[in-house]
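Following are the structures in question.
Here come two complexes built around subunit A, the first alongside subunit B, the second alongside subunit C.
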Partner chain A sequence: MLKYLFAKNEDIPAGSAAIFWGFSSIVWFVIGTGLGSFNAAKLAFPDFVTGNEMFAFGHMRQVHVHAVIFGWISMAFGMAMMYITPALGNTKLWSEKLGIWNAFLWNVGLSLGLTLLWIGMTSGREYSDFPWFIDLYIAVFMAVPLAINVWMTVLTRRTQGIYTTNWFFAAGVFMVAIVFIVGNLPEWFHLTGLTEAYLTWWFAHNVLGLWITPVAAAIAYYTIPKVTGNPLYSHRIGHLHFWSVVVFYSTPAAHHLMSAPLPEWLKSFASVEGVLILVPAIAFVSNIMLTMQGKWNMFVENLEVRFTITGVLLAIPLNMQGGFQQTRAINWYVHGTGWIVAHAHLALLGFSTFLEGAAVYLGLQTLMKRKLYSLTLGNMHFWMLLIGFSIYWTSMTIAGLIQGAGKIYEVPYIDVVIAEHPYMIARWLGGTMVFISNVIWLYNMWMTAREGTVVPAGRLPHEIAYER
Partner chain B sequence: MAFREYKVGARMFGFSLGTSMCITLLFPSFDIAASVSTDVALDKQLSAGWDAGFQLKDPLLLGWNKPLKVLVKNDPVTNQPLAEPIYAYVYKPGTSMPNGATHTDSLGEGVKQLSIEQGKVKEAKEASGAVFLINKSGKLPYMENASATRGWTPGDVLKGVADEDISHVGAGKTMFVREGCWWCHTLLPEQTQDWQVFGAPPMLGDFNGESPTAFGSDRKGPDLLHVGSRNASREWMMLHFFNPRLVQPHSIMPRFDYLWGDKDASGQKIDFDKWRAEYNDYREGKNPSPPDVPVPAKDSEARKLIDFILSLK
Partner chain C sequence: MSEKHDVTGVPTTGHVWDDSLADFANQPPKWWMLGLAASAIWVVVYWLYYPSVPVPSSNTFFKGIGGWTAIKEMDADKSEVDAVRGKYEAKLKNMTPAAILADSELTEYVKRSGKVLFGDNCAPCHGTNGVGAKDKDGLVAPILNDDDWLYGGQIDNIHTTISGGRQAVMVAHKDSLSAQQIDDVANYVKAMSDEGKDKADTDSAVAAGKKVFMESDCTSCHGADAKGMQAMGSANLTDKIWRFDGSLEGIKRTITYGVNSGDPKARIAIMPNFKEAGKLSDSEIKKLAVYVYKFGGGQPDLPVAPVQATVAQPAASAVTATK
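Now for the complex of A and B:
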């Protein structure tokens, strides 16, 4: 890949950038989930690797979070954008060279940023932990080049209209740039006090609502019609999804700080708007489910469809939780407990990871024109990922409910810690299973690139998945 | 892009996102800007200094560029005993001034005017350093630049002070941020039964000038906003940071023994391997008691972190 950094744009084979992004994302997923498994082990067994600053929980927790968000999820998004945006515009990527440089600079910047976080250089703001010069790098060398490439590809498309997926991609890269720059205002201009606290959570909420959720959903709008051959059930419901994301998902940031002395009107407003995220959620899930009509056999037979539909089905509990857990009636019980940790993993490891997994599987096979090396390993990856995640989610939800009860009934905190211990072990086992499944995935994709059966011209990988 | 619907759509998009930004950013900013500093906020920002997270003057979060919180018993100028000991916040020359002194608007109406007119905070200069006090004589507390109002210089204040009256709260908060204490301990009791265990939730105006606020979101240990009121024992903190299982066998907190550095308070080299071996013997029942925990040195990071934790009243 690196040889293309200084090649002429015309000489770079189409799809090279997407392949670079795709493999980078899988590697970051392995690193991120490995760190997650390590951290979970420390919560279950506090004397596991002890007395060393570099391996202390407080130094590694944020590295896990940022490796997964910026490395896995966002690079898988980059991969999906480099691959799907031109495909839907019936054109080439605007600049393969920019795409390759972007992925290269993304990997370099993220490695640097994570190293600094690891040694303790942090702004002390959750989800915007990077010091401001790393934020500047992210904005200039990571976010903006991606946005330019996506926008220019959409603008130079050779189709008349723009398909749903590309609305979300184009809006997503635009919104994340705004959210990132505004959300880091406390670091750019050293804003302090409640402003800093509120903007921290304004960023944390909107980066999920306006970047991860809509872009992940956009992938399903592509993979399901593409692989099943069914046209999207309704363009109009797609419109409803898009506009309700922009309107409803951009407003409830304050529901993360229900106990902080923010204005009460803002908390009430955020709480009501938070329930309204059910509008885009229901629009999205129903649209994809109805697109599957007559093709449900593919949910069983086809790996990409299975990944996508699992992600879409996980969006149902995700949004039911997300819509209601932030209302005052429920928030007082679950806030700050393992329930929220389970919810965050349902969003990132459940819902969005399965959708991105589908895009990376489909995209890498299509662009490399090679059939998946081993469907068995693919199935193993799917099931270990799903079972590992389920163990994680169930144990953390139970731990969270215990913690909530302990909070409300004023149980001494140490008794909560004791009661949570078995669930911490279960969480570690689930997380480790996820990590192992990703190692298998990396191996499988690597072997696909090297030894996968060549897909004949004019055919798609999923059509020949069961042919020998 | 010739479609008319995209022109309409682009305008709708701008309008939607703009409205959302107005409601979630612009409107709350008026409310937040109207908050007036309480004495809690003044204490927090004066003791933590300009920033406790990453800053150019403390890039590795080692606790540089931080003030000292000092209990002053004698007037540093006349050397006569004060009627009542007071806390002074000592900014040595070159230390960045607190936010309230450089950005007085952040103090809020009333406190801002008092701090400028009575407290002369604008006269505080980084080059010469300054000593700040919190003046609570009137209805509103304000920040007083004692270097201007009483002629107290950082050097004079620190001259006659015993080490136990010096508190490294600012550097300790930096340790709190760097070591990720806030990943498991919140600094925000909730507006629920929580306050019966962890104390009152913070009030509007308790954070002005503080950065980062480090509320935390995911609790795996108790809330710490008022921990110094529940447990003020330096010895307990020392044991607990060195190895939490010494005082709480079921704790899942990591050991922070590495914050002790190489040497203990008496200048002896700390033999961690020996300590761990003896501790393991104790845990396996071979020893009746655990080994003694070394007392942290005066300038160790452990001492600074404990100073910060004990300051959380």
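Now for the complex of A and C:
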């Protein structure tokens, strides 16, 4: 790939950038979940790797969180955009060369940022822990080039309308740049106190709400109609989804600070917006489910559809939790417990990871014009990911309920710690399963690139999944 | 293209993307719109009830018809708790720990809240219910549910320990004693614990160690009888209870580098000062003193007869007794 960095744009084969993004994302997924499982081991076995500051939980947790969000999730999004945006415009990517440079700079910046976090250089603001110059780098060298490429590809499309997926992509790249710039104001101008707290969570919430959630949903809008051949159920519900995301998702940041001394009216805003988030969520889920009419057999037979629909189904519990855990009555029970950790992983390791998995599977096969090396390994990846995630979610949810009870009913802290221990071990087991499944995935994709059966012109990889 | 997919009779929007992708012009289903309306109603109700819309011009906000504030809710919760606990807490305030012990109803109350305080503040070092917690250097902190006390097991001793903290010092002997002497004295100390002091004193195998013990500085802190002195928290060396690693190697390490002696390899024994750190109130410290006393190892205030008169309480029975 790196040889294309200095090639002429015309000489770069179409799809190269997307393939580069795709493989980078899988590598970050392996690294990120490896770190996750390492952290889980630290919480399950307190004596696991002690005595070295760099491997302390506080350092490793930040590295894990940023590796998965900005490595796996965001690079998989980059791959989806480089591949789906031009396809939906019946055109080519505006600039393959920019795409390749973008992925290259992304990997470099992220590696640098993670190394700094690892050695302990952090701004200490959760989810934007990177030091300020890395944040600036991300905005200028990572987010903006991606936005330019997506926007220019949409503008130079050769179709009449713009399809739903591309609305979300184009809005997502725009919003994430804004989120980075505004969300890091406290670091650039040394804002402190409640302003800092609020802006920090405005950033953290909107990385999820205006970047990860809408872009992940956009993937489903493409893969389901494309692979099943059914038209999208409703253009109109797509509109409702899009606009309600933009309006309702942008300001509930205060729901992360329900126990902080913020103005109460601000918390009320956050609370109701939490419930309003159900509007786009239900719009999205119902639109995709109704599109599946008559094609439910593909849920069983087809790997990409199975990944997508699993992700979409996980959006239901995710948004139910999200909607209600931010009302005052429920937040005081679950705040600061493992319940929230389970929720965060339902969003990222459940919902969005499955959707990105679908995009990366579909995109890499289509662009490399090679059929998946082994469908068995693909199925194994799916099931290990799903089972591992389910163990994770269940154990952390139970642990969270125990912690919540402990917090409220004055149970001695040590008794809560002891009661949680088995769930911590279960989480570690589930997480390790996820990690192993990703190693299998990386191998499978690598072998697909090298030895996968070539897909004949005019056919799609999934059509020949069961042919020899 | 549109007819091909048209199972429902609804037309597509007419667009086709990526060769085969289209979308229907369906309206949202009715149940869907009802859900939307229901959320809108919910929002209005929530906003009317709770503090919500800001009024920037007068720098205030709509306070909500429910009259709810976070402070009011907290006060209500607090008064609920106070209704039950208030009368005990008021009584506790002016009582000494010894007086609390004499009042059985109050003791019962204190034991319950002591359990929470202990679990939150003390258990990480002393173990749940004071059974002790071990790491590779021996106990992290002394076991509290036995009758072996470094600083004394009377209620006032315990109270002083918790309110003021403790940091015993045993000097390092790596310069004042030779390796051979340390070896000898360690063997003697181990023999005192294994066989009892009387037998060790007459055991010729450890005579050299006894000589070191009596002639160097050991007796000034541990006493000539090696039973320790409560005033400085020096350990009783004649029993089978080991605060630090009680193997020969462990004993040698304690003697060579000392305890809290400032030597980098010294053993560390710090009982934090909870009062100075502002972590516990006076009442809470009193409660903890009574709670720890009631683990079963507390000793009566009267001067007690020689040690052999006190019957050791097995740890397990002490645990069940507090439940």
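As a convention for this text, the second predicted complex is superposed on the first by the 468 of 468 C-alpha atoms of A that agree within 3 Å, B and C clash if a C-alpha of one lies under 4 Å from a C-alpha of the other, contacts with A are read in each partner's own complex, and residues count from 1 in each chain.
Keep this in mind: a residue touches a chain if its C-beta (ideal position, glycine included) is under 8 Å from a C-beta of that chain, and two chains touch if they have at least 3 such contacts.
Source: prediction; values computed, not measured.
Partners subunit B and subunit C, once the complexes are superposed on subunit A, run into each other and clash. Comparing subunit B with subunit C, the partner in contact with more residues of subunit A is B.
In the superposition on chain A, A:161 makes contact with both subunit B and subunit C.
Shared-chain residue A:418: touches subunit B and subunit C both. In the superposed model, A:197 makes contact with subunit B only, not with subunit C. In the superposition on chain A, A:87 contacts subunit C only, with no contact to subunit B. Of the two partner chains placed around the shared chain by superposition, neither subunit B nor subunit C is touched by A:66.
Within the superposed three-chain model, A:381 lies out of touch with both subunit B and subunit C [touch as defined at top]. Using the contact criterion defined above for the overlaid structures, shared-chain residue A:371 touches neither subunit B nor subunit C, since it reaches no partner. With both structures placed on the common chain, the touch criterion links A:410 to subunit B and to subunit C.
For subunit C, the stretch among 166-174, 202-210, 274-282 or 310-318 that collides with subunit B in the superposed model is 274-282. Once both structures are placed on chain A, subunit A residues 160-161, 263, 269, 410, 413-414, 418 are touched by subunit B and, in the other complex, by subunit C. Taken in their complex, subunit B has these residues touching subunit A: 1, 3, 6, 12-13, 16-17, 20-21, 23-25, 27-29, 31-32, 35, 41, 45, 50-54, 59-61, 99, 106, 177-184, 186, 188-194, 196-197, 201-222, 244-245, 248, 250-258, 272, 276. Interface of subunit C with subunit A (complex): residues 2, 5, 7, 12-13, 15-29, 32, 35-36, 39, 42-43, 46-47, 50-54, 61-62, 64, 69-70, 115-116, 118-120, 123-124, 128. Within the complex, the subunit A residues that touch subunit B are 42-44, 46-47, 50-53, 56-59, 61-62, 119-126, 131-132, 155, 160-162, 171, 175, 178, 182, 186, 190-198, 200, 202, 243, 246-247, 250-251, 253-254, 256-263, 266, 269-270, 332, 335-338, 340-341, 403, 407-410, 413-414, 417-418, 421, 424. Partner subunit C is touched in their complex by these residues of subunit A: 87-90, 159-161, 163-164, 222, 225-226, 229-238, 240, 263-265, 268-269, 271-272, 275-276, 278-279, 282-283, 286, 290, 293-294, 328, 410-415, 418.
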